[in-house]
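Right after this note come the structures.
Same chain, two partners: chain A is paired with chain B first, then with chain C.
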Partner chain A sequence: MNPAWMRQLTGVIALEWKKTFLSRRGWWVYLLALGPVVLTFLHSLIRARNQGGHSLFQDTQIFAGMFELYFLRLGIFFGCLGIFSNLFRGEMLEKTLHYYFLTPMRRELLVVGKYLSGLIVALVLFVASTGLSFWLIGRHQGAAWSEFLQHGAGLSQMIWYMVVAALACVGYGAVFLVAGLFIRNPLIPAAVVMVWENLNPFLPSLLKKFSVIFYLKSLCPVQINVPPPLNVLVTDTDPASAWIAVPGLLVVAMLVLAYAAISARRVEISYGE
Partner chain B sequence: MAVYKKTYRPYEGRLTASWSRFLVIRRYAFEDLRRSRFLTVFYLASFLYPLIAALIIWVQHNASALQLLNLNGASRLVPINAGFFMTVLGWQSMLALFLSAFVGPGQVSPDLTNNALSLYLARPFSRAEYVLGKLSVLLILLSLMTWVPGLLLFGLQGYLEGWSWMTDHARIAAGLFFGAWIWILVLALLALSLSAWVKWRPAAGALLFGVFFVGSGFGAAINTVQETQWGSLLNISNLMGTVWVQLFEGNDPTSNGALFFRVSAGGHLPVWCCWAALLILCGICLSMLSRKIRGAEVVR
Partner chain C sequence: MSGPLTNRLITFGEVSRFYGEVLGINRVNLTIPPGITSLVGPNGSGKTTLMNLMTGLIRPTRGDIRVLGIPPDRPEELGPIVGYCAQFDNFPKGLTGYQFLHSFLRIRGMSEVECAERTRSALDTVNMTDAAQRPVGAYSKGMRQRIKLAQAIAHDPQVLVLDEPLNGLDPMARAETIALFQQWGAQGRHVIVSSHILHEVDRISDQVILLSHGYVVAEGEIQGVRSEVKDQPMQILIRCDHPNALAARLFQQDHVVEAKIHPDGKGILLRTTDADRFYLLLNRVVLETGLDVESVAPADDDVNSVYQYLIGGEGGTV
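Here is the complex of A and B:
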């Protein structure tokens, strides 16, 4: 890569990640990431005092449910919506985007730089939240939990959950960056994506594959079934294997980002509209 | 006329009665909303389900139509009872959430962003009237979507079934009216307070969804992780479901709520707790509004 491009890219990332991390507008994203950590910490604390409750197996099942229903469907989804759609739209609102557009820098670099800065923030918040929550949920088991993490399936499960959280940030991040760049109200595509992603278990096998959540769920180490009575509507589909799901998600995110980068060349800004 | 003769002259036109001044805001807001083709289409489409429900009621009371459609057992298939009306209300209330997410955030935030609030409050117009005016936009739109079609359906069923059915099932009508009003008030206050605090309209809309969906998800996570049912206090649909079941069916419920507003398994809370939680939510929204709706803002 051209050294000047590299310098510009690191410059954009350095500027943006501070703005995104320390944004007053983004306080609720911290809450989304912090919520499960507080919850699992309290769980550990209460169980340790009461000396009883869930078994090790139950704790991993509970985390699997929380990861799929809270992290994937809500926390990371809304968190990425807040972080990535704000990268361009926030600058438009503050009427500062033209400063970037006036610099002698390729627009593609600006898009990639902003995406990477948003991704750093999302990864730090949600991957760390996932790892910490998993680590905390079974702390009350004491030595059994440490044994499970060090010599059992625990560490592998934790790493897979963190990988899935990271891939969710990559996928949803690319989608919401494009939404923030081209659509004045990113809420409309967000609502459409949310409905589509939540309908996923009930869609025919072919349509299931046109969603992010299908590949993310396939990678989860513990599968959670839809509870009754909705389970009768679920269509059974074989999960995608890891060697398809991981590169597939990355390629789709890259394609979406490439489209945004190329389209950004022609973007003109008029704050008055 | 010489410039020195242009002295102060008070307004001499007809004054709007003080009790109805808040309606001026509603008038202009409706003009703005009418320009959005998306909202107009969405609003009209939201009446599709009540129309289908009316058709079901009519078909069930029309023997020749039932014979023609070969649906003689249809009355057993779709019973017209509290569950039927709760489902209508549940569906319409979910559409009301979507409408509020689009309409609500645009009510207060533009006035705050453009420092226009002082222009309102410099006139003989109080903060309460301002909030009431903005609220009335949502209250009217949401009423027309929820309890008005609900009561019309109840009236149709009563007309076809007879007066005795209406008197026997008066509780359903009360449930439709009061159940819808609680939801409308919660929704309108939440939308306005988020609009006042989050100046970017889409973000305020997303937060409204967030409070509803993330709250329910996080509440379910609390219930599972802590083996309790108190996490359901964060689940607005669970709170509404509990209140609706009590309003529609009294103290001996036979169902667990309506479409989208169900009492989740393991989420049973005392009814008074649900009422209290909803009231506290409304109180928080009002205090958030009271902090932001001011004629002058100190910027540090």
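Here is the complex of A and C:
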């Protein structure tokens, strides 16, 4: 029971998750997660005061837009950049990575351990933020919103948003962990990935599948469309069904992570002069 | 080569390491047996590079390294037998001394009981038991140095690599730390210690390796290194007004290996195996001929000058 590699893995997670949660460099990640909660809270306050205004349906539309434009493209994207690219880069800057590299722990396992620690933090922050924001956005509808959440499509929508947020952390986490392993300035991979992900709707169908956003968008419970005039450029690929999108995204993340794990064996400790 | 003998040695075969264009070490051949070995050289001479190479933190550009028969790019095999106290004075944030040792033992895959036991024993070895529950961030330089040593020894490695471990220690702590090295050396471990001050480590070392500008310039027992340095002709540059007259006298001496008039005609570049006799001769020549000597100084690119630098000498002879 409890073989050595399990102790190594839990050992890394025990050391890392605290460091990531308490990282002073990462304070703005909290803002990214807190921002939409504050916004939706204000929205519900203001709407509650000016009765009427818009319908429950409009609230779900607003959230759908906010989820794709803010959570997927900004909040979780940059949050994962902050969390995951620092897992290795941060320790190179702080000159502490050699302590890990001097142990007999397999580098592959170290990559997995660090990834899981980052994932714990990202999931706690962004899944909670997604759930809370969704709950808050229609709160001003009063009983109708409770009814929608408890007996209508609300609960299932909320759960799907949280699942998609979790998958976004899984996917972007893997991508930015690799970036932090090799690239000094995290803004470069961030820009490259961002351009790639935002070009996604305009890419041919095969290329679309090599991205994170493609799977995430397919899974969103409420679809929003590319506004005209850009919509004429969009290649129509059938959105992947959940049975394809979830494993598809996991496979992309695993491939990226496997690459990180294999190349971690060649990483040298060079903290610079 | 293989077998039980090489498996007791750390070997470097024609090892070079470049950092881009910058030379770290060049064509180093070394054999390090158990016992205390000092790597001595000025800053930038390649001590840390050698140590990072033998602990697998960096890889050679060329050449072959074996640590007790193991290539250092296999952390799974190297990790258990090597302990490294690196020169970086950095620690994972927010840990006490105890947690620091314990966490990394756990990452080595040890059981809870073993981690606790080894942590306590390592803390005891370096006399840090009392400070163990305080955060490492609040330690003094000397305490940080000791907790790093404890971290290096905690898993009981055969090979201990210690980069400038005496740096920043007061004389008391220095003596205590040196006693630890002797104890570990006497246990049959490989204890490899770097320093830029030769006399700090020469007496306790079984072997000394002198490094300069990325090259091994002398290697062996300290007596051997001393005489090797002594036997090497020393280069001296003499600036004076009549170099030809001086050269004529010098050529008659058997300790003079070579004497060249400096290209500008105002000096002599001399290579001698016995600098003391040269200085005596020079004094005599000055008295007899009224030679006007402007300066006499060791030319600064030979082993001797390195050695002089390392022993903190003011110049002159060995």
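By our rule, the second predicted complex is superposed on the first by the 270 of 273 C-alpha atoms of A that agree within 3 Å, B and C clash if a C-alpha of one lies under 4 Å from a C-alpha of the other, contacts with A are read in each partner's own complex, and residues count from 1 in each chain.
Operating definition for what follows: contacts are C-beta pairs under 8 Å (C-beta built on N, C-alpha and C of every residue); 3 or more make two chains touch, one makes a residue touch a chain.
Everything quoted here is computed from the prediction, not taken from an experiment.
Following the overlay on chain A, a side-by-side fit with no clash is recorded for the pair chain B and chain C.
When the two complexes are overlaid on their common chain A, residue A:A190 makes contact with chain B while staying clear of chain C.
Once the two complexes are overlaid on the shared chain, A:W27 sits clear of chain B and of chain C alike. In the superposition on chain A, A:W243 contacts neither chain B nor chain C. Of the two partner chains placed by superposition, only chain B is touched by A:L74; chain C is not. In the superposition on chain A, contact of A:E268 is made with chain C only, not with chain B.
Across the superposed structures, the minimum distance from chain B to chain C, using CA atoms, reads 11 Å. Of the residues of chain A, not a single one touches chain B in one of the two structures and chain C in the other. Of all residues in chain A, those touching chain C in their complex are 2, 4-5, 7-8, 10-12, 14-15, 18-19, 22, 94-96, 98-107, 265-266, 268-271. For chain A in complex with chain B, the residues that touch the partner chain are 25, 28, 32, 35-36, 39-40, 42-43, 46, 53-54, 62, 65-66, 69-70, 73-75, 78, 81-82, 85-86, 89-90, 93, 137, 184-187, 190-191, 194, 227. Within the complex formed with chain A, the residues of chain B that make contact are 98, 101-102, 198-203, 205-207, 209-210, 213-214, 217-218, 220-222, 224-227, 265.
Interface residues of chain C facing chain A in the complex, by the touch rule stated above, are 19, 52, 55-59, 73, 75-80, 82-84, 86, 88, 90-94, 103-104, 106-111, 151.
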